[in-house]
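Below, each structure is written out as structure tokens.
Look at the two complexes coming up: chain A is in both, with chain B in one and chain C in the other.
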Partner chain A sequence: MKTRADAVVIGGGVVGAAIAYNLAKLGLKDTVVCEKHTFASGSTGRCGAGVREQWGAEGNIRMCKAAIDIFETLQEELEYDYDIEFVQKGYLMLAYTEKEWEQFKANLKVQHRLGVNAVALTPEEAREIVPSLNIEGLYGATYNPRDGHANPFHTTRAYLKAFERLGGEVYCFTEVTGIEQSNGKIQKVRTTRGDISTPVVVNAAGPWAAPVAAMVGIDLPVYTERHQILVTEPVGRLFDPMLMSFSRGFYSQQTPHGSIIMGIGDPDEPKGYDIGHSWQFLKRMCDIMCSVVPALMGVRVVRQWSGLYTISPDAHPILGTVSGIDGYYQAVGFSGHGFMLAPIVGKVIAEMILDRPLSIDISGLDLGRFERGDLRVEPSVV
Partner chain B sequence: MSHAEDSIIVCRCEDVTLGEIRKAIREGAVTLDEVKRITRAGMGPCQGRTCRLLVAGEIARFCGKHVSGILQSKYRPPVKPVKMGDLAALELTPLSEPGHGQQSGASPECTCGKAVNGR
Partner chain C sequence: MEASGIRITQHPILDFPERRKVKFYWEGKELEGYEGEPIAAALHAAGIKVLHKSLKQGRPRGFFCAIGNCSSCLVVVDGVPNVRACTEKLRAGMRIEMQEGVGPVPVSKE
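And then the complex of A and B:
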């Protein structure tokens, strides 16, 4: 293991992997990723991996638009020998209450202004896109064909493999236990496998972002919350787009492999690090999805699991530098949509570290916004 | 290792061959989870009941370790694939053990985390 590096990235999830790759691509020589377990073992390997431009807040729309631009050529860019399975079959957002439908229409206005080609559909038009859809109780839907999903394991691994080819090193089973600074400058990272001197450290520790930030004395305003999810056996095509509703709290996609992944939010979920699973989730999930797509009744659940959302006060990530600590960067608090943001966040954080012009303005997403009282608002989160 | 061996199917649910598993291991996978995430071995309906030990054996051989030293993946419910329609039809009757299902609020949505009877 190296004892000195130009930068140490903490976390081998999709965000850390994307940052590390972009640093190496921009020419930083000795970059290291420290991952306490294995690649994608945190939130990334447990996520729904959906990617959408259909947001309500301008910042999220801009970032996701830029991220999809990158996703579209990522397989080739990373020269990956497996498939990251990025497919663009759209998101069909389903409104089951009048309030939700009003929100979707308001979101569309912002989306159109920013160049997103989402459209409003009547229930019948929605059924033309997804013939298996039960439209009972549906007010309307919006659809954006450019949205989609990818394979989270392979996306992360593709970034890490490309990073290694560019000379970077990935240390798995290597937990960062401390960060040393002096005179307001980062000096060293302590790990379970030895110390690494470095002027730059990046906190991409996902659900463990707060304990890592505490190592440099930062009190991050984030909390973690379990989200449960399941996958079925592979079956013939039942639907192409990702199906999603906020009022009913679900999302579901059929992977290229044919299995169907679905998750649902639980308003009563306590904060914490529990990643167990419950019968109540299975029952509620199946209840809801069997009514949305009745053909699912005959499809078998193969596996259920859960992962953590890391939630910030305004459901937007916390990105960039922190005043008073030279060399510390963070990309944390993704609030349940960090997979889709990773390609653009990885790029911008690397540009920031190397003092390059930024591909996208993220100045409003720093930690300082909470002190300034300059919070973003995002109405469309599951 | 012969080519013939490489084409042996190790994970029958997902059609993963020994060659594919060995490739993932050669490329750095040292745990069952990593091999599973790369190749899908163990992700199918039987959830690795057949291939788990075979994959662990391959990792162990490659790393020069005993199989018991290879990091296992978690066993996840359900134990057997269950139809979504059957799960949706379940009526969750709370157990009548003390402290569970006794409060007036006990309902099918009871989320106290204790076991709940199916049907």
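And then the complex of A and C:
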């Protein structure tokens, strides 16, 4: 293991992997990733892996649009031997209340202004896209064919393999235990496998972002929350787009190999690090999805699990530098949509570290926004 | 009577009580088996060993783990996919089809 590096990225999830790859691509030679378990073992490998432009807040729309631009050619860019399974079959956003439908129509206005080609559909038109859809109780839907989903394990691995080819090193089972600084400058990262001297450290620790930030004295305003999810046996194609509703709180996608992944939020979920799972989730999830797509009745569930959202006060990530600590960067608090943002965040954080022109403006997403009272607002989060 | 003659009729420990013979269909063809025996047993006795085609390459798959664990012997029974031939009991009149990759789930038309 190296004892010196140009940069240490903490976290081997998709965000850390994307940052590390972009640093190496831009020429930073000795970059390492420290991952306390295995890559994608935190939130990344547990996520629903959707990628959508259909947001309500301008910042999220801009970032996700830029991320999809990258996703579209990522397989080739990373020269990956396997398939990251990026498919663009759209998101079908389902409105089951008048309020939700009004919100979707308001979102569409923002999306159209920013060049997103989402459309409003009647329930009948929605059923033309998903013939297995039960349209009872549906007010309307919006659909954007450019949205989609990818395989989070393969995407992360593709980034890390490309990073390693460029000379980077990935240390798994290497937990960061401390960060040393002096005179407001980062000096060293301490790990369970030895110390690494470095002028740059990147906090991409996902659910453990707050404990890592505390190592440099930052009190990060985020909390973690369990989100449960399940997967069925593979079956013939029932629906192409990701199905999602905020009023009913669910999302569901059918993977390229035919299994169906679905998750649902729980408003009573306590904050914390619990990643157990419950029969109550199983029942609620199945009840709802069997009413949305009745053909799912009788399809077997093969597995359920959960992962952690790391939620910021305005459901937007906290990106970039922190004043007073030279060499510390963070990409944290993704609030349940880190996977889809990773390609553009990885790029822009690397650009920021190397003092290059930024691909996208993220100045409003720094930690200082909470002190300034300049919060973003995102109305459309599951 | 048994096409492949592989049915065990005598065994030092196990008994084989008298069971009712029933008709069922494999790919539309009428066959006979014993009520309550695993579908896979009835099909094997009739000489049918390829029950499923693999997901990606469409390779032949059949009886493998025999305890409902491995997904090798999945068949479509009366239109329902992903039925384990090794553990599902044979009933009179069952219509069993080879499952080609992932089985289609019936979507009811209104």
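Going forward, the second predicted complex is superposed on the first by the 382 of 382 C-alpha atoms of A that agree within 3 Å, B and C clash if a C-alpha of one lies under 4 Å from a C-alpha of the other, contacts with A are read in each partner's own complex, and residues count from 1 in each chain.
Operating definition for what follows: contacts are C-beta pairs under 8 Å (C-beta built on N, C-alpha and C of every residue); 3 or more make two chains touch, one makes a residue touch a chain.
These numbers come from a predicted model, not from an experiment.
S.K.: Please indicate which partner A:Gly258 is in contact with in the superposed arrangement: first for chain B, second for chain C, both, or neither.
M.R.: In the superposition, A:Gly258 touches chain C alone.
S.K.: Where does A:Tyr273 make contact in the superposed view: on chain B (first), on chain C (second), on both, or on neither?
M.R.: neither
S.K.: Once the structures are superposed on A, label A:Asp287 by its partner contacts, choosing first (chain B), second (chain C), both or neither.
M.R.: It touches chain B, and chain C stays clear.
S.K.: For A:Ser132, decide between first (touching chain B), second (touching chain C), both and neither.
M.R.: second
S.K.: Tell me which partner touches more residues of chain A in the superposed arrangement, chain B or chain C.
M.R.: Greater contact footprint in residues on chain A: B.
S.K.: After the superposition on A, what does A:Gly236 contact: first (chain B), second (chain C), both or neither?
M.R.: The second partner, chain C, only.
S.K.: Figure out whether A:Val299 sits in contact with chain B (first) or chain C (second), or with both, or with neither.
M.R.: Both: A:Val299 reaches chain B and chain C.
S.K.: Is there a shared patch on chain A that both chain B and chain C touch, and which residues make it up?
M.R.: Touching chain B in the first complex and chain C in the second, residues 233, 257, 296, 298-300 of chain A appear in both lists.
S.K.: List the residues on chain A that touch chain C in their complex, please.
M.R.: 131-132, 233-236, 238, 257-258, 294-296, 298-300
S.K.: Mind pulling up the chain A residues that touch chain B in the complex?
M.R.: 38-41, 45, 82, 153-154, 157, 161, 231-233, 257, 266, 268, 276-280, 282-284, 286-287, 289-290, 296-305
S.K.: Would you pull the chain C residues touching chain A in the complex into a rising list?
M.R.: Its residues touching chain A are 55, 71, 80-82, 101-108.
S.K.: Taking the complex as given, what residues does chain B use to touch chain A?
M.R.: 27, 31, 33-34, 37-38, 40, 43-45, 47, 74, 76-78, 81-85, 87-88, 90, 92, 108-111, 113, 115-116, 118
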